[in-house]
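Once you've had a glance at the structure underneath, I'll fire off some questions.
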Amino acid sequence: MPELVVLRDVQDSELRHIEDYLKVGGYQALKKVLLELKPEQVVDEVKKSGLRGRGGAGFPTGMKWSFIPKNVDKPKYLVVNADESEPGTCKDRVIIERNPHLLMEGIVIGSYAIGAHCCYLYIRGEYYEQAQILSLAIEEAYQHGFLGKNILRSGYDLDVHLHRGAGAYICGEETGLLESLEGKKGWPRLKPPFPAVVGLYGCPTVINNVETLATVPRIMERGADWFASLGTPKNGGTRLFAVSGHVNKPGTYELPLGIPLREIIFNYAGGMKDDKVLKAVIPGGSSCPILTADEIDVKMDFDSVAAIGSMLGSGGVVVMNEEACMVKVLLRIAKFYAHESCGQCTPCREGTTWLKNILQRVNDGQGRPKDLDHLMGIAFNMIGTTICPLSDAAALPVRSFIQKFRKEFEYHVHQKACDVAQVMV
Amino acid sequence: MALEASEQKEALTSRNLLLNVGPSHPAMHGVIRILTELEGETVVKASIEIGYLHRGFEKSCENGSYTQAIPYTDRLNYVSPLINNFGYCIAVEKLMGIETTERCKFVRVIMSEISRVCDHLTCVAASAMELGAMTVFLYMIKAREYLWELVEDVTGARLTISYGRIGGMSGDLPEGFEVKAREIFRRVREVLAEVDKLLTRNRIFVDRLKGVGIISKEDAVAYGFTGPVLRSTGVDYDVRKHQPYLVYDQLDFEVPLGTTGDNLDRYHVRMQEMEQSLRVAEQALEKLPKGALNVNHEGKEIEAHEMVDRAKMGLTRGIRETLVQLSPNLEGLENSMYDQIAAKEKRAVLPAKRDTYGNIEGLMNHFMLIIDGHGICPPKGEAYFAVEGANGELGFYVVSDGSDRPYRVRVRPPCFPLMAGLHKMLEGYMMADVVPTFGSINMIAGELDR
Amino acid sequence: MPTLTINQKSITVPDGTTIIQAAEKLDIEIPRYCYHPGLSIAGSCRMCLVEVEKIPKFQPACNTRVSEGMVVHTNTEKVKEAVSGVLEFLLINHPLDCPVCDQAGECYLQEYYMKFGLYDSRMDENKIKRHKAEIIGPHVILDTERCILCSRCVRFVNEVSHSHEIGIFNRGSQSEIRLLPGKILDNNYSGNVVDICPVGALTDRDFRFQCRVWYLSETKSICPGCSRGCNISIHSNRQRPHHAGGRRVMRLKPRFNAEVNHWWICDEGRYGYKFIDDPSRISLARVKEKGEFLVLTLDQVIGRAGEKLREALEKVGRDSVVVVASPRLTNEDLFVIRKFFGEDLGLSQIDFRVPDQNLASGDDFLLRADRNPNSRGAEAVLLDENGFDLTQLLSMENSRKLQLLCLFEQDLTKTLGEAWAKKFLQQFEYVIYVGSNENETSVLSHLTLPSATYAETEGTFTNFEGRVQKINQAVEPLGDSLPTWQIVSKLACALGYRYNYENAEEVFGELAERVVEFQDLAYEKIGDSGVEIPDISKVQV
Amino acid sequence: MGSRELSFTERLYIIEVFKGLWLTGHHFFGNMKRHLARQLGLNRLKKGAVTFQYPEERRPFSPRYRSRHRLTKRDNGSPRCVACMMCETVCPAHCIYIVAGEHPDPNIEKFPVRFDIDLGVCVFCGFCVEACPEDAIRMDTGIVEIAAYSRKEMIYHIEDLLQ
Amino acid sequence: MMTSLTIEVGKVLLVLIGVLNLAAVLTWMERKQSAVMQDRIGANRASILGFRAFGLFQVLADSIKMFAKEDFVPPMGNRFLHTLAPFVSAFFALIGFAAIPFGNVIHLFGKDISLQVIDLNVGILYVFATMSLGIYGVVLAGWSSNNNYAFLGGMRGSSQMFSYEITIGTTILGVLMIFESLSLQTIVQAQGELLWGFIPKWGVVVQPIGCLLFLVAGIAETKRVPFDLPEGESEIIGYFVEYSSMKFGLFMLTDFVETILIASLVTTLFFGGWQIPYLMRDGFHFPGGFTVSLSGTSVSLLQVLSYCVKVFFFCWFLLLVRWTLPRFRYDQLMRLGWKMVFPISILNLLATSLLVLLLR
Amino acid sequence: MFALCAVTVWAIIFLSTLLGPRKPSQLKDTPFECGEQPFQLPTDRFYVRFYLIAMLFILFDIEVVFLFPWAVVFKTLFLPGFVGMFIFILVLGAGYVYAWKKGAFEWE
């Protein structure tokens, strides 16, 4: 069993109340940070740990914090992105449900590090219960003096506000989230300027994922070197992998980065359900290019997965067996993105729907030979041409699906029917 | 009777008669005035006055878009409008750097040659008629009629064809063209054989032409003659051979030459050129790239208006796979055929009708090529392109200032230099020779005066 | 001042310049839909993508600020592909509306398709049907199918007119522009959204189906609607007279002038051109005889006017003639009036100030309360020496009978009110009216001379800031009408004076010599955007 | 070159003249035979002449032949034309006059209030048909008799063109 | 006396009406025949009550049209001469027929009537005389029109007809020599004989070259293609360029009347006139001794018919020539006349005389 | 015959003058010369060649007339007639050859 970081105390239990949390040594890291360390030291420590953002892009957290300008009069904000809406991913939910105070502790440390006195916690609208848990945790933290004025008599003030989203995937994108937080339509912002400079209400802002912040107290507790040693070089620490699909034991597993995908599926997730043959895996949530059964020996860290053309993303591992029709899977994904595109940038607004329409037709047995080329072409035009990465997220799966399972698509086009078994033969 | 000729003249000095032949004379093919000074029946001096049909062709072209000039070119040498059409189009294509499709080139060759035969038929027929051989005229006109039928099948009109388009044609050849064309060529050849029987060895005819209207090689070259008149003097110059355009270099034909440059030589040159033209057209028919002409469309065929309505309502699904049934005037613009003849240059060639009716890109493209101020805008520059017209080198010089209207269109009409040298062919011959000589030159006022 | 290279051309631009602005200076066209220099940057249309060396992704040129040594490419194959790809996306749901769309011909979809698109369509799905031809305000009609969601209009109502009437509703491909609940697009600047709409989504109701834009010719001019003097283009149809019932001036469009109106114009000015081709135009000169108007040739009527003028001067004297010019006239018109009536005839009773009973109000953006385009010019030209004040005359109960009134473009019944105006006019034996349109005052006159409207003449206006701006002739004067300065010149000739101005430029030349405010100005120096004259008050010192 | 000197017999005129007469005579009798046969109802197919007896007998036009214009109709009889002015613009002779009006159906929007073609000016180039994006104008009526007593009558209005 | 006068007037009327009608029919024939030769149909539009009669009414329509046209006289021209010209043309063409026998003697009303207007013993010279006088019409037309083209046409016409007048004279000398008469009726009667018992002694048999040359010269006399130089419509438009209405029509008529005249002369001189081979006064006497008896009247009628058919054939032939050949040039025409036809006809004359001498 | 022919022809001309309309106009009154004003009208002396032909005609025609009676009575005259006329024709031929040589028949 590898060493756990985030789920250390909550492998099989929940620490929803602050008392429970304090019992397992909660808020000790915070104490250490607030009373012993300067904000810069915290940032350095995080930098040293090699912690990379767990939201999907994998940007080094310490670096992100250090972008916050020091000498400005404007208030600074920390925004916690708990808008976990990537299909296939449910890691933040686990943290919130089982260990909300770990997140709270992380929030305070993070805010301290960047000098923020106000933190917004943006949680997905559908996470109603989780929002309840969090608001309780915030209340308790205030009661215990871990939030509010003069925390732990360190002279540091912090307010945390919980904000529930309204069910838009795009608000998981950091600038879209900011817009939403500001009360506007969740349209991602043009960058530059980056949120670190002009963020929430025009002020320097750091947006961190729940898992990222939940990791921070541990780093503070046990040191950057310890953390870095957990994974592979440059990909330090552990990661929550949410395994779903045709496996015997779907669930969220905290595993060190760099662990082979095969091991996740066959060791931790209990292997294929009903001993069917593994066909494909989406390694990091629906937006990531798919991997075939031949590729599951890849090490699950940011760089290794990227090296074979996919992404680690938000860690949602979706496993599919031989019976899964790739056209249907892709159609489902395309439908999702067509629905969730904000409609701001042209390629994404039009492209997602177009992809969906073509796929729907192919799936309905009305495909035409040129359709696959068109899909590839459309997807190509969608990549890298928009403000936010949603367009890429919609286009990349299309390209990878068609590249890797072209036969199956062609069968749909030519035979006007779906017969997975036939294609596999 | 006993007086010497010179003495006669002194004794009975008579004034030479100044006589207008034309502009409205039965033998003037267009309107032109030949002011003749007659000594008895002999023409001692002839001066040619042109400009009676001047209608500002060049300026008209410069006042419209590049496409709008095409109907004007029909009316240059109105007996062989297709050659003019293509000459102008190729000039603009050269200016724009457009390469037309292979099939288009072959079709242009075929139609040009048909036009050339029409022209020579008309010329020889008219000459014969003016010599009184009315029957020959009607036989040849009958042959021309056959060819015009063919032209009508392709272009939708007999004379004002407006067939050429910059980058292509207004439509592909119709179905069954080849068979019909071959049959008609056979019939034309029959007529030519008959005419040959009636005229070529008939002394009355030969005497009328032989040794009449002679122009020397040197004079012909000096005056800038081209075409049959130049070739009748024995100068081997044919644009098709010497600066091959379209696909003439792939086709086998001879350039008939004369020796003396008299009317008879011109008659022979024309008669043989017709045969050569038919040969060229037949070879081109043989080599015509077939391509997707007979592609069986899987999709169903729908009426044009149905497609328009569907597209307008946004029901465009599957429209790209359907074949549109066009107005008969637009036959040959169906996508499958159109691709074969239209150059792949959206800045010059109207999109296929299916695209215009069925998708927004095609519609916009269509609009932008028609709207004033947009249209076909060749890059700044100039281009001269010469084709072998029925009467000689027909050149178009087009200057673009980058706008959608030609800055300058200049035509080098083959007739113009011919008219400059015409007096040489008239002086010293008889009044009665004015008509056959003039006829053998085949002056077309349309292209002469522009 | 960073220096950057765009397509191998170098340029140095101020800090904070974006690539698109830098490229504009180099005459490199970067396609754009959402970018408008007068609005905030949205960066959403993705048409202006360019390749910047050392940056892996395409950058939107509208939002990328230049930096030292930046190397930008706008014409590489990759960029072309990306741009045409974006265009393809924009068009997949675009309806086949070119035939019925007023924008066709000035539509940036068409334009950019020809310049940057030219791909073969791959779209073979049904298009999304949306609302068509919705009237969203008194001047604007919306077609959501044609909309490409560039959001220019939304930003306009938020940032420029601050009226917040429209917004983008729904998400993804269902997004569309709609009116905010309970609102209609009714503000004095609503017409501008039509101008900035790069496609045919927002079109002008006034111009709707009147004429195809490619038949229009443009003439640079100045809006005569108020003393702001917004720069405009007059779009007139000279090619196809059968359109729009023979109307010649089809629409006005604002013309960029950084000093006056930027890109905008108010609706009042925009739709204020109707009088040019109105049936009420006075196109022929006439004389009232026995209560009925008799149409005569212009020269006859001018001769008659001259006789009357001479009669008044000779029989009664200079004090019996009053000239009321108008601040709607050009500087040239006013100068010729001053020269002839004031200097040659020695009249002192010349004024243009008529108190307006129903004074309009202005707003805080462009529209000024003073609805006359040349009040400042009239002050400069007419008010510099004599102390005559029309208001005194108007208010005075006049016992002496006045002989002749010469009215220029002044509808007294409207400004003074009917009763007052009639009373005033009745003091005069003879009233000459020079104007372009019929009104109650012109009907009361004894002799009417048709003058050309601003679209039919050339000349200059001086706006409230003292900016002299040029108007140009867009269409021929209607019927017998002539520019006012020509009418006055002819009148002067009829009285034996030599007036032989060839054109407005000559008049302006003399004006610049004679009127101190205009000194050192030359007609050709005025240019398209006008010249500000030095503060008049200072000059007068 | 074909212009070889005439032989003695050819120089005698008479032989060549008779050859010519033989040929024309051949035509004469051949055609007479066919004419007679037709008159007697023996052979309906072979014609003795290549000409057509125009009003009653018509030369078959090629399908592409450009004859008088017509405006195509919608199912309800209204013109398909949407007054886009393409034909008016492309017309090299400027013989088309269209005035647009607002159609009550927002999916049609625009229709021609006036659509006149001055056939006295028209050059029958067919550009209008080619330019029409709606398949609203065609030149396939087969009507070639377009004549009038005045220029005004040569202007065909929308009602005439719709028939 | 009265009866003979009536008979004379009747004959004159018969000839006149016959000739004029034939001329009219020829205008129709010219159109129809040329049309058929040229794969056309020809004029067939004129109709009476929808009845078209193959375009025969076109003749009527044409004449009505011509009558209804403005009679135009060029202002500078001589009005009298201008009017005289067509008169002269037509008049002299018509009176030539007086000497031409169109049948043998017919026994009617108890009288022997010679089917000829006047049997002149110098009939052939009379005919030539009238033909020569016809030239004046052309010359006058050319002169009086005050027009360069007409003038040229008139000059050409006169020269041409002068030249061929001689030729036409010399070509028939051989015939005269053989039949020993200047009376046309005598010549025709002489052609009723048989040579060697079975070949009709027609002029063409005894004078083939003379016949050919006469035909050439005769066509030249009619001023029709290939000798239509005075007209030369595509060159100089013709001597009648300034003529309109029926005056022009008369020139046209003259052309056709002359065509008939030449056809009649050819028939009379070379093709046995009204003779039918082997037809004697009482019926056919074929060489083999076979006989068919016929009444005298029917023989006479048959002979008239034969004459008509022959004339008609030659009219057809002349039209065929007219529509087949191109036109001569002036010098070529003169050369043909002076340097070919004239010497050959003289030689023919000498050869004939020699032959006659030898055969005697 | 003469009278009848004359009457017919005259009647035709008279009828046409009677029936035809009369609308003179300036333009109609100009002699036709292809639509141009003629430079000169054929009132001047004209080229001599035409007269030459007339001369030749008179010469030869008269001589030919001599042949007619000879031909008619040729059979009666027999040899002397032939010889006489042969000489006559020889003389005539000499003149003809002279004229030929002189180029009287050339119509350049």
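As written, the chains take the letters A, B, C, D, E and F, and residue 1 is the first residue of each chain.
The criterion applied here is as follows: contacts are C-beta pairs under 8 Å (C-beta built on N, C-alpha and C of every residue); 3 or more make two chains touch, one makes a residue touch a chain.
Here the structure is a predicted model, which means the values were calculated and not measured.
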Quick check on the contact network: minimum steps from subunit A to subunit C? 1
If a chain touches subunit C and subunit F alike, it appears here: B
Among all chains, whose Cα centre is located farthest from the one for subunit F? A
Quick one: which chain's Cα centre is the longest way from subunit B's? A
Would you mind pulling out the distance in Å between where the CA atoms of subunit B average out and where those of subunit F do? 47
Gap in Å, rounded to a whole number, between the CA centres of subunit D and subunit A: 73
Determine the centre-to-centre distance between subunit D and subunit F, using the mean Cα coordinates as centres, and give it in whole Å. 51
Between subunit C and subunit E, what's the gap in Å when you average each chain's C-alpha atoms? 90
For subunit A, write out the residues touching at least two other chains, lowest number first. 361, 368
Mind pulling the subunit C residues that touch 2 or more other chains? 88, 93, 96-99, 104, 123-126, 128, 212, 214-215
The positions of subunit D in contact with two or more other chains are 13, 17, 20, 23-24, 50, 86, 89, 107, 133-134
Contacts from subunit F onto subunit E in the complex sit at residues 1-2, 4-6, 8-10, 12-13, 15-17, 19-23, 28-29, 31-33, 38, 40-43, 46, 50, 53-54, 56-57, 60-61, 64-65, 67-68, 71-76, 78-79, 82, 85-86, 89, 92-93, 96, 100, 105-108
Help me check something: in the complex, which residues belonging to subunit D touch subunit E? 13-14, 17, 20-21, 23-25, 27-28, 31-32, 35, 48-51, 53
Complex interface listing, subunit B residues touching subunit C: 308, 311-321, 346-347, 355, 358-368, 371-374
For the subunit D and subunit C complex, residues of the former touching the latter: 82-86, 88-89, 97, 99-102, 106-110, 114, 133-134
Subunit D to subunit B touching residues, read off their complex: 1-3, 6, 10-13, 16-17, 19-20, 23-24, 50, 61-66, 72, 80, 86, 89-90, 92-93, 107, 123-127, 129-131, 133-135, 138-140
